[in-house]
Structure formats: structure tokens, C-alpha cells
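Heads up, there are several structures right after this.
Each of the next two complexes has subunit A plus one more chain, namely subunit B in the first and subunit C in the second.
Up next is the complex of A and B:
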């Protein structure tokens, strides 16, 4: 089987060969086989694939190595939250769960819808299980007023994979957060969120990484009934860091808000990718992504609204991406895309790129504020808009952004 | 079906198209007039043709080259392109879908047997004369168009300015080029590229393939191997070309591909405005059109390039029509040069076309104005690339896509700002309108920015850019919508009114369209 897979991936590099070897060590399972094949069809994504043209994993990840960097502190960890901790070799989870949260720790992998669209998600689902880690972590939520579920990814090692599936039943509400703290040479996680009628969810994603780490966090979100989904991400990048969300409005009148901010320093790369399918009538999507990039950093935004014929009628969707290039040497790539087959819809998209406004800087400096502080303040104000939706975690994210700006 | 391209929601059923109420009735009417049943240029001309053997091989290329009595270097150039083409794959990233093309199933050369130049109007084959008459060109103008010796002067004196010099390309050859003598007086070279290869080999050699290299892309490489004719323009230093130049492309023969190559060079401080029009007969088979257009603007030069593309779009059910795979690129090589593309796209079954500007010179300017209307089963994937390399380079993209019937219309554009492009500036606005519930409108804008002091705006900040202009127009008592239309459409309107040929009427009707009710 592994030989066949090697043939499937064209010119496999060391990392791909190591991934095939890891797969070969897993117990045989037809579901795992399908998942790994979905990955092997493309191998590690390269710039030749349209969806990865600016984030080339094959080039960045030559081999699975320990990066030699430590995990960052986790600002979202809290005693009040129910913490699930993943590391390359281990998994810890709270044993006492409140009523309304049902946990199923499955050793084996489960089938993943649209696995072909998310090669790194399929890989995560195929390789998540080990002696110490679950193949699939499944959580069912049936109540409101629950403590936040927090998933933290840290610890040092060569590679870390995770697969989590969360179903929020009709009328239930959930706050969830994910922290990607670095430490692993390669990390890939896949989260599936399914919101049923009237369910509500607020998800926050925090990502930090170093210049020898590559990571991809893939979220597959399905909205049914009149559910409401809110997502706020803050990414600081890594050698390559990609936060990807693929959301489907499956039933009428669902609402999604997806905001993100990226702050990227030298030698780092942050990619915010979203794909929204308006598969039901009268659904609403609001999306705001803001970025600020320093010399030697790369920010990527790819957004797509797909509005199918008839099903997508009366869609109301808006996508904005605004980026600041704080210094010469900063790079920003953007692609806000629309694919529309329904005629009675509103789909707006906007994209701007530029430097801080000279007039505003001048105004602040003439008030006696040093240029460095003025720049940090203006950038923070610019970024803050995208973090507003993070609920109780908003201030923590803002604080993190402001610390980064003060240090850079 | 073995297909290229990737649209996943093609319309296959026969449901009637419903148009929502908020769409302007005039717009619906204007789009309807462009439907294939109203295609007025769809007749064919029965004339004896000289054809290359069917199919594509080195022999075909040698045949074409020999027909044109080309120098050895050009044959080598073609053969090198052909070798390269054999190793290339047809691109599939565009949002168009069509059955796999059998490149051996086309004729790569077709020319009227009677030759290309005529001494007297009596020698002009009746069929060709009628073709131009039917296309709505007045007889005197047709005389001019057909290049009957002496007619140019007569027509020149008879007609008031502005005059338009025309190069008429009939299938694979240029049948006539008008006003050559008068243009020569100004130093402007305007002739078919086949003639230019003989008369100005140094100029052709110097510039051919420098903007669109032989190996640029699948279709451009195919063109480099088999290009048959096209127009060559050279405007010398400091000359403002005294009249509009124009090429009229007509595809006539069955199962042929047209592969024209146009090369326009504007030397320092020169100016030229060039118009291009295309029509083809209604045929059930798909015909292939893979053209290459190269523009070179040296220091302070300006090239204005306008296209009215009205190739046969195929019938309502998608039968027949032209596959239009075109590579158009302008190189603003000198400082302060300017290239401006304007296109009105109404024809072709499949369009794959991205007129681009390489803004190499400091302070150079690139512009792209486009109206693309698709009907029936047409598919258009069109847009532009603005590559900012020089300092303080500026570009502007205005694109309007209108989809009706069961068609798909995609805007695809790239704005790229290189590290050395200090203070580059771009403004992009693209609107799409869907007329009816069975069509698709798509937008794929790419932005690659490597300069902190670049200012790039896409759509969202329309008002920010034109605030002052808008305020000025509005304070004169003009309503907001009208003011925006005035500011955005002003240029397009101007160009369309200048169009000299039969399609001007159709193009003008496009002006009536309103984008009220647009989707994004």
C-alpha cells in the first residue's frame, strides 16, 4: 500500500515519504485509507494548486524535523474553560464535564466530507490517532450557558495531528477557542463544526509560531436552520501558517460572521483562507479581515463566496480585506473572489492595501507622540475592528496584538 | 464529456430565463439585441480559397512560412515555438468549459485564391466586395478598405476628418491596408505583418516576441508557430499618428483557425489610437482564434488600443461559435509612457483574454476599461494584469460584466506591485450584473503587493477615490448615479463613438445598459 501511495505522489520529498511511513505504521482501516488517499492525490500542497499558490507547503516543509523552538504561552487558557491539550505525543482532557457536553474519544478515524478539498485536513484526519491520542474526538453539545471549550496545541516534536468533530444541537450555544502555540515542526488539525437549528457558536482562534514551523488549521463548518456562527482569528504566522475555514450555509436564514487579523513579522507567513458556500436561501455572511505586515513578513488573504443557482437566492454577503504594509519589504497577497449563479443577491467584496496614513501620523506626532508609538497606536486601532467579535476574549486578543506592536 | 476548464454549475435544462424586476428594462433590451439570433455578421462568403493541408505539423508551419516567402530566421522562430508547444498543456484554470479541442482538425492557413492586392476595383472579387458591403461598410469606404490603388487618395479627400486607416484581414491574410501613403508622409508604418517582415525586417526582429515571448503560454506559443497575418504599426519619435488605425478581422472559411499577430511600436513621444474589430460567419462547428497582440511604448509614448470583439458566439443552444484565446500585452518600456486598453466583448462562444500592461518605465500608466456582455451559452473569462515595476506607476481597471441567458461571465485580474515600484497606485472597480436566473457572474481579483508605499484599492473605496470629482459633478446639479456613470463611463463612451465600423451601432447600444441591481 505504501509503495502505491509513493507512486501516487509525484516526486515525493522527504517530508512526504515520512508521512507515508507514518501512515504505514497505523493499523489498517478502510476509512484511514480513503483519508490518506485524499491527501496523497495532491501530496503536500504546492504553488501549482490554485488554492495554495501563495502558500507552498511542499517547498516549505522539506522534512519532518523538530524545529528547536518552544511553544508560546497560551493567553486563552483559563481555569474557567474546559481545556483539551494536544501535543505531538499526548492528549489531556477534562474528565468531569457539565451536563450538556457529551464527549466521545474514538481511537479510529472517521470519514471526512469533502476530504479532497482539504488535503492537509484529510492528512490530519488520517494520522490523528496514536497510542496516546484519539483518532477522532467527538463532542455533542445540547445546552446553553456552558463553559468555554478550549483546545490548545503545544509541546515540542516533529509533527502533530488532530481531528475534532463538534455537533451543536438545536437551540444549544457554545463558545469555543483554539490556540496554536507552535513547538511542532509540522501541525495539521481539522475541526468540524455542525450547528443545527437555532444553535449559536462563537469560535476564537489564536495562532503563534516560529520560523521553522509549518502549520495548517482547517475548519469545516455547516450551518443549519437559523443558526448563528461567529468566528474571530488572530494569526501571527510561522514559516507557513494557514487558518482555513470552509463554511456551508445548508439551510435558510443562517448567519455567519468571520473576522480575522494577521500581524506578521520577519521570516513569517500567515494565510487566512475562507470559502463560503451559500447553499440555502436568505443566508447572511459578514467577513472582515485586517492585516499588518513588517519587513520580511508575508500576509495572505483568500476569500471566496460561492452562490449556487436557485439555492443561493437572496444571499447577503460582504467580504472585506484591508492590509497595512508597515515597512518596506513587507508582502501582501490577496484574492477576494466571487462565484455567483443566482441573480437576486447582494455580494460585495473589497480589498485595500497600503501604508499608514501620513496625515494621521503627522497629527499624532505634532501632539508629542513619538513616531513608533503613533504607528503602533494607529495599527492597533486599525486591527481592533476585526477582533470585536471575539466576545469575552476580545480584550485578550487586543492585548496580544498591542504587545506585538509594542515589541516590533 | 472530456472537458477543459472548471465550472461546476453549467446550465443544462431548458427552463425559461426569469429576470428580476429591479433590472433596468433598457438594459435587458440592450442585452437581447446582442443575442445570437440578431447576429448580423453571420453570413459567409463563397470564394475559392487556398488552404494549407488540414492539421498541424512542422510541414504546416513550413507551408505557411513558404506561402509568405519568409526569411529563414522567422521559420526557425516558428519551429522553435512549435517544438515548445508540443511540450505544453492547455490551461484549465479559467472558468470556462468546452470539449477538448482536436488541434489536428483545423486548417491553419486559408487565403482567397485571387491574391491579396488589387490594381483596380474591377479586379476585386465580387464576393469580397459584397462581404464588406454586407458588413455595412459604405461602398466608397469599401473601396478604401479594399486597397484599390488610387482609391485611398480619393477617399481621403472626400472624407472629412477624423479618418480611419484600415488593415483588413480575411482569414489568414491581409487583403488590404488603406491610407498607407498618407501615413508614410507622417513617417508612420502601417502594414500587414507579412509585408513588414520583408520591408522592415530589423524593426520586426527587434520587437517581435519581446512582449509576449514564444513560450509565454499555450495559446501564445501556438500562435508563434502558426501566425498567419496581422498588423504592424510603427510610429516614429515625436509623431502623433494623424488618423485612427484599425484592423478588421474576418474569419470566413470553414474549420479554420485564425492566428493573427499584431505588433505596435510607439517610439519616444509618439501617439497612436488603434481599433480592432472582429466578426465571423455562423457555423455549426467551433472555430479557433488564438491571437497575440504586442504593444511597445517607449519614453513619453501613448498607445490607445480598442477592441470590439463580435465573433460569432454560437447559437442559443451553444452550437458553434468561436473559441477566442487571445494574449494581449503592452509594455510601457519608457518613462512616462501610457497604454490604455478598451474592450467591448459581445461575441465568441468562449473567451479567454487578459489584455495586460507591464509598467516598466517610471511614471508609466496602464488603463483597462472593459464591457463584457455574454448571452446564450457564451462563456467569457476576461480581465487584465497590471504589473507595476517602475517608480510611481499608476493603473486603473474598470470592468463591467453583464451575463444574460445561460451564460457565464468572469472577471479575472491581477495587480502586482514589484519591490522597486515606489509609490505605485492602482484602482480597480468591477461590477457584475446578472440578467435572469440561469446565468453566472464571477470575480477573481488577484493582488500581489511588495511595496509598503503602494496604494491599492479594489472597489470598496470607490467613493474615496473619486470624492472630489463626484462632489464637483454633483454640485453642478447632477444626481449621484448619473455622476458616477459620467465619471466611470466617460472614457468608454468616448471611444465607442469613435468606432468606425458596423459594430459601432451595437457597441453604442451597450451604453444604454445600467448596472443598477448588480450583484457584486
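Up next is the complex of A and C:
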């Protein structure tokens, strides 16, 4: 078995061999085998794969190492939220859940829908289970006015994998948040969100990491009926950090809003990747990504709208990406893509990349505002637009952005 | 010596260029000027004379290089200071084209500016209630409604509103020396009066002003003590308010032809 898998991954590096060994220690299970094979077809993604050309995990992740300590406290943790805490070796979850939230902690991996496109998602699903951690955490939501579900990833260790499946039943409403706080040399999580009927969900993602950590958080989102999905991400990057969302409009009149901001300093890399398939008529997607990068930092934005010929008719979709290169030596890669086969749609995209405006800076300095402060104020204002959708967490995200700007 | 006889702004034999090294153009060419405390001096001159360049050189904008001479404010050399240091020393420029600052509300902006200046001078920050009280009083005086002061600075404001906001900032920050660059451009008669009233309210024995303008019109509202004519980067004529009237009547060619 292990030998066969080793043959599947071409030229495995140390990290890949260690992942194969971890898989080998798991109890045999056909579902796990399928998932791991889906990963093994590509191995760790490399720049040779179009979707990973700027975020090469194989090159960045030579071996599974302990990076040291967790990078950040969790700004999204709160007594009012129901907190699920994942660490490389542990898992804690609230025992008392309100009516309307049903939790199933499954030791085995469950079958995964669209694993082929997301190698690291398949890997996360294959390796999530252990003695202390669930193979699949399944949550069913059937009510409104529920406390926020918060998933925190921290603690030290070589590697951390998690898989969470959440179904929001028709008419239910949910707020979720995910915090990635560093501490693991390699982290991969996969969240599957399924919204049915006129369900509503607001998701916030916070990511912070250091230059020895690589992480990928993958979300697979399915919208049915007239559901409404809102997502807001704030990423500060790591050696490699990728926040990927693959969303499918499965039934007519669904609505998705996906905003993100990345603030990247020296030696760090943040990748915001989204793929939206308008698989049903008259669905709406709004997407705004803003980034600001310092010398030695790298930001990546890849966005794709796929609108099939008949199914995607009357699509209304807009994708914007705007990045600020705060210093010389900052790098931003952007690839906004519209793939449209339907003929009666409204699809737009915009992509800009530049420096702060010299006239604005001089105006502020003439009023007495020091250059550093002027830059921070202008950058914060620029970023803020993308954080507006985070509901009650908006101010926390903005505060985090503002602190980062004040310190950099 | 009483404050009003003291020279505040003193410029001697100033030369300055604009543009990159190879294509640098001399715009200010041996300019001398003194403005004492308590006085308002007007600078008039044809297009391209160097009026706006002078305001940018004095306030330290990037892209303008001083190649000779000196400029002092209250005896301190300002040319080596960063723009924000000059502002903290009390130098204020009312822009010909005020810049939009998206995402930063007017009051947030002005409070940040005021506290930065105070900090640079080693003073305490203004308290929030004091700031709001002062802002509200000024807003009423300048016909700026409270909602407007919560909106991002200059974003989507009309030309007149932007100029009134310049005066609002000036009155909030209480600078020692004002440079008004073409403050009358883009103003209708009512707005011109509001703006001029604001500027006149700032006249004080401790404060100097330099009013840069194309037209004599503004000087009917803000009466200068002296009028200087700037051409080809130098002051080529100086007189009383009557000089502005002559320029208006005879044109720059008529007057300049005589004195040059």
C-alpha cells in the first residue's frame, strides 16, 4: 500500500514521505484511501500546476518541522461564541450546545465531494483523524439566532489537519469564524459548507503566521435555494498561507459575497484564491479583495468566475482586486479570470496595483501628520472597504489591521 | 520689539527647480520676500510665474529642489525640515486643489493632524470633548453641517465645500503663518465671502499671511498690507493695495513692461 502510494507521488520530498508515513499509521478505511489517493495524484502542489504557480507548497515545505511557538493570540475568541479548538495533537469542543446545533464527531473520514481539485483539502480530510482528533466533525444547523461557531487552530507541532462539514438547513442562519494562529509547521484544513433553502451564513476567517509555517485553509461552499453566503477574510501570511474558497451556486437566486484583505510583511506570503461556479440561473456574486504588501512580502490573488452556457444564464457577478505596494521590493501576483459561456449575464472584474498616492501623502503631511502615520491611515482606509462585511467582527478585524500598520 | 514688527517669513535669494535631474527647470530664481507678523501680503503674477511652486517649496513638497538661498520662519531655517515638521512649526498651506482622502473622515483627519502637531511641539493632546466643541462652533460659522464633517475628507465635495473645509482646518489648527494658494478659484460670490470672512477672522498681530492669487477680486475681501508681483521666479514689483488695482486695469504686461 505505502509503496504503491510512494510510486504515485513523483520524486517525493521529505515532507511527502512523512505524510505517506502518517497515512500508513492510520487504520485502513476505503474512504481514507480514496482521499489520500486524490492527494497523491499530485502530491504537494507545485508551481507546475497552474492554480499553484505562485504558491509552491512542495518547494516551501521541505520537511515537517516544529516552527516554535504560535504566532498570535486569537482576536476572534469570545465567551459568547461556541469555540472548537484544534491543535496538532488535540481537539476541544463545547459539550453543551443550544437547540438548533447538532454535532456529530466522527472518527472516520467521510466521503468528500470535489476532492480532485483541492489536493490539500483531500489531504486534510485523509489525515484529520487520530486518537485525539475527529476524522470528520459534522454539524447540522436548524435554527436562527444562534451563538457564533468559532474554530481556532493553534498550538505547537509539526502538522495539523482538520475537516469540518456544516449543513445549514432551510431557513436557518449561522455565523462562523475560523482563526489560524500559527504554531504548526504545516496546517491544512477543509471546511465544507452547505446552505439549503433560504439559509444564511456569515463566515469570517483570520490568519496569522510566521516565516517557518505553511498553511492552507480550503472552504468548499455549496449554495442551494435562495441562500445567502457572506465571507470576509483577513490574512497576514506565513511562509506560505493560502485561503482558498471554491463556491458553487447550485440553485437559482443564490447570493454570495466574498471579501478579503491581505497585509503582508517581509518574508511572508499570503494567497487569496477563489473559484466560483455559477451552476444555476440568476445567482449573484460580489467579490472585493484588497491587499497591502511591504518590502520582501508577497501577495497573491487568483479569482475565477465560471459561468456555463445554459445553467449560468442571468448571472450577476463582480470581482475586484486592488493592491497597494507599500514599499519597493513588495510583490503582488494577480490573476482575475472570467470564463463565461452564457450570453445574457452581467459580469465585471477590475484589478489594480500601485503605490500610495503622493498628493494624498503630501496633503496629510502638510497638515502635520507624520509620513508613517499618513501611510498607515491611508492604507487602513484602503483595506477597510473589504472588511465591512464581517458583521459584529468588523471592528476586531479593522483593529487588527490597524495594529499591524502601526507596527510595520 | 512688539510682535507685529517682527519678521516671520524671510526668504532670501531663493532658487528652486522642478523635475528630475536631467530635465530640472528653474522656476524660482533669486526670490526675496519678508512678511512680518500681523501683516497680509499678496503675491500676484501671471500663469507660470512660479506662484504655486513657491508655496510648495515653502511647505516641502517632493519633486521641488532648493538649489540656493534660504527661507526662515521665526528665524528657523525651514528648508531642511520635513513637511510635517514645518506644519508643527505653524506653517499652513490652503491648497488650490484640496486632495480627496478616501476613508478618513474630516474630524478624524483634523484631530490626527492637531494631535500630531501638538505632540511634535511637546504639548498635550486635545481632549475629545474640547475638540468636538471647537469643531461644532467652527462648523456653524462656516456653514458646514455636522454630517459633512463625518464624511471622508473632500470625497465627493463640491469645489466650494472643499475650500470651506480648508478654512475649517486652518481655524481648527490655528497656524502661525498661512499660505493661501488661489483660494478664490472655483468659488461663487457667497462662498468667496464665507471663505474671506474666515481668513479675516484669522488676522492677528501674531500671525502672518501670504495670499497667492491671479485676480484682484479676492483682495477686495482680504485686504493686503502689501502686494508683490511675481514674474519669472522673482519679485519684480512691490506696492500697496493700489498695485493690485493697477494690475487688474492695465494687465500684467502693462505693469511689468514698465518696471522691468
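Note that the second predicted complex is superposed on the first by the 407 of 408 C-alpha atoms of A that agree within 3 Å, B and C clash if a C-alpha of one lies under 4 Å from a C-alpha of the other, contacts with A are read in each partner's own complex, and residues count from 1 in each chain.
By definition in this document, a residue touches a chain if its C-beta (ideal position, glycine included) is under 8 Å from a C-beta of that chain, and two chains touch if they have at least 3 such contacts.
What you see is a predicted model, and the numbers here were worked out from it, not measured in a lab.
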Room on subunit A for both subunit B and subunit C (clash or fit): fit
Which of subunit B and subunit C A:50 touches, first, second, both or neither: first
Contacts of A:368 with subunit B and subunit C, given as first, second, both or neither: second
Which superposed partner A:327 touches (first subunit B, second subunit C, both, neither): first
Most subunit A residues touched (candidates subunit B, subunit C): B
Which superposed partner A:88 touches (first subunit B, second subunit C, both, neither): neither
Touching partner for A:345 - first (subunit B), second (subunit C), both, neither: first
A:355 touches, of subunit B and subunit C: first, second, both or neither? first
Cα-centre angle that subunit B and subunit C span when viewed from subunit A, reported as a multiple of 10 degrees: 80
Touched partner set for A:121, first subunit B, second subunit C, both or neither: neither
Smallest separation in angstrom, by C-alpha atoms, between subunit B and subunit C in the superposition: 13
Shared subunit A contacts, counted only where both subunit B and subunit C touch the same residue: none
Subunit B to subunit A touching residues, read off their complex: 9, 11, 19-20, 93, 95, 419, 432, 434-461, 519-520
Of all residues in subunit A, those that touch subunit C in their complex: 357-360, 362-371, 373, 377-378, 380-382, 384-385
Footprint of subunit A on subunit C - complex, ascending: 59-62, 82-84, 86-88, 92-93, 95, 98-104, 109-110, 112-114, 116-117, 120, 152, 169, 173
Partner subunit B, residues of subunit A touching it in the complex: 50, 305, 308-310, 313, 320, 323, 325-355
